[in-house]
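Chains here go by letter, A, B and C, matching the order in which they are written, and residues are numbered from 1 within each.
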Amino acid sequence: MSIITLTTDFGYKDYFVGSMKGVVLRINPHAQVIDISHEVEPYNVAAAAYLVKASYPYFPEGTIHVVVVDPGVGSTRRPILVEGDGSYFVGPDNGVFTYIYQEVKRVRIIHLTSQEYFFIPAWQKALGSTFHGRDIFAPVAAWLSKGIDPLKFGEEIREPVKLSLAEPRWVEDGTLEGRIIYIDRFGNLITNITRTHYPAANVPPKADETDQWPVTSVKVILKGKVLALKHFYAEGKPGEPCALMNSCGHLEVFINLGNAQQQFQASVGDPVMARVKE
Amino acid sequence: MSIITLTTDFGYKDYFVGSMKGVVLRINPHAQVIDISHEVEPYNVAAAAYLVKASYPYFPEGTIHVVVVDPGVGSTRRPILVEGDGSYFVGPDNGVFTYIYQEVKRVRIIHLTSQEYFFIPAWQKALGSTFHGRDIFAPVAAWLSKGIDPLKFGEEIREPVKLSLAEPRWVEDGTLEGRIIYIDRFGNLITNITRTHYPAANVPPKADETDQWPVTSVKVILKGKVLALKHFYAEGKPGEPCALMNSCGHLEVFINLGNAQQQFQASVGDPVMARVKE
Amino acid sequence: MSIITLTTDFGYKDYFVGSMKGVVLRINPHAQVIDISHEVEPYNVAAAAYLVKASYPYFPEGTIHVVVVDPGVGSTRRPILVEGDGSYFVGPDNGVFTYIYQEVKRVRIIHLTSQEYFFIPAWQKALGSTFHGRDIFAPVAAWLSKGIDPLKFGEEIREPVKLSLAEPRWVEDGTLEGRIIYIDRFGNLITNITRTHYPAANVPPKADETDQWPVTSVKVILKGKVLALKHFYAEGKPGEPCALMNSCGHLEVFINLGNAQQQFQASVGDPVMARVKE
């Protein structure tokens, strides 16, 4: 229980991340602090939620994931600890853990209230209200990594804030209307359509398909354009808009060696259709 | 004594930081190397000085902070080690440790001259003159982390270079003229006015104020605009220019969910007034 | 053998690097994962090759360097492990290790085929084809760091892919025509002319030169402009285009406190001439 990951919108130019690392190491010098990303778009809770979902399953049991995209810091939004399936998550109760609530069978959520585990800079007389990454989330994670029982940090709560994540919907027989939920560095457009939707809809894979995704029997459409379905990026001709099932199990639009976001002028929220071919 | 932090203007795309980490680990494989920031604006010694000030107090005693914003590398500027209050700082003598000299009661400053603790790449015959981050500061930090006595690295010196940091000045009774000294990723404007200025001026907090900052009795003005004083970011209405006392004890101008730098077209050096209300 | 470095074009905003780190730590919680750079220009194999060359020599023996700039992921390009001079390199066989083949006397190259050392996410039934950084390179590096014999990962191969790196050529007596091979964060232009070219051409240094580079007896020309030769950056007058022998032994064009790339509108591939003065 000594790996602590950090995912924030603090960027790389300032002192925010550094002071969080300092607070962790001051409490537990043996903690291994691992950067996931500090380039989450400022205030974008949904993007942070996707990053957490996409990275936590690969870490060993007992890893503590600190997530600080926290525009409501200082307000009445609650600081929380989420525990489930052997992983721990520490951050604001603003929906950033929505996917965890969906994916993990049993979660326990603690409202962080025990000030004895918070950090109060020497020159302040009370808990600050502008930087809970440093003053609440980092120290709680560090104490947790030293074996403090989660229930020592506060009381269990049952109704955390959840993002209303757009779920794809079946608009007509065999056509799924999804949305772009995330755009990565390469301009790839990640949708909320996953490999679980087609089996659920009883669309069995054809002989030349893997059992993971109906590559030849489904037609993907973005902004009126039908996309070629591929298994990997280099299969696409340069400049050709394509789609594949990505490494997190989501349908993703890409252009090999290009940038789909720019070519399609695409934004998070844009619809993507996946239609079963007749 | 085995945590070594790095703060540089080397950015994230090149090999500079990687080779510094390699040199550290080659000398002390047990050192824990922690990135503070490598996105200091190129050659901006004042910005680096602020980052060091804002992050070092949170690290455990014995931590070694390596700071390399070093436009004078190879010239006569001295490489130094600064020791004080249980922290160590290694970098160029160009003013980057100015805040440390202000804040730490007793510092000892060593001019790094013992070449036996420097790193000379195999293909060179003498110390290089273009990359002291790799060839002086990283190896000295690594040897220090192994317990080498600071005085082994060179002679003590007494007159380090200091930045003439603009101090706020009282322009008329009860009005403090400060300046923007740093702008962070969110476009927040950090000033040199701190929570120590008002108590020093005998402006006691009113009943509804914390004892840290006279929120209701002071008026903050930037470019002719009076700013609302808040305790935390989410208190500001979206789009409304506000100010608060930030997590490092500095008066800071912000716009909740917005960008004060862009809205005010503000730059480092711009004046900010804080006037006691009548 | 427990330091693992990462060099990728995955950037800092996404989950890619985080999930690689997770996979490493899941297999070997004692590995020390060190970021070299994740800001390699997307798909730019040559830039990654230069970064690896410029950083690996500074790490301790036994360090494992994972390099993932891999536009061909999923295609027939081979995943490989390169071993030489006590260092290990793991990545795609796309030329990213070209400099290693040039510099290291004896390399052993293994084609990674043993799926038992790969990572297959629980929800997949077979190796994925879109993210070998997470599914092949990270786990192989982690297993290697635990002492697995390189030959367990696959068969030795002898003809790896190499980049046809432009070598400088002597265009007339005493004039070397080189090219810009890399541009760093500061806009410095790194060429393929190294300190080994002049001794090889029997141009002995003059009395006031170091034995590393004929500073006074060579004239460097970029886009028709003759550059002043210097030993370190601060020797250049602000705005004055200069050249020096950089910290990796390459001839580099720079402008002190400025940006040579912008001033010269320079690009990778542009010619740079170095002429022996008469």
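What to note about this one:
One rule holds in what follows: contacts are C-beta pairs under 8 Å (C-beta built on N, C-alpha and C of every residue); 3 or more make two chains touch, one makes a residue touch a chain.
Since the model is a prediction, treat every value here as computed from it, not as a measurement.
In terms of inter-chain touching, the protein chains here all touch one another pairwise.
Remark: rotation between subunit A and subunit C after Cα superposition is 120° (nearest 5).
In whole angstrom, the spacing between the mean C-alpha positions of subunit A and subunit B is 32. Within subunit C, the positions touching two or more other chains are listed as 12, 35.
Remark: subunit B residues 10-23, 25-26, 29, 33, 35, 42-43, 71-75, 77, 119, 121-126, 128-131, 134-135 touch subunit C in the complex.
Every residue of subunit A that touches subunit C in the complex is listed here, in rising order: 3, 5, 7, 12, 32, 34-41, 50-51, 54-60, 63, 184-186, 195, 210-212, 231-235, 244, 246-249, 256-257.
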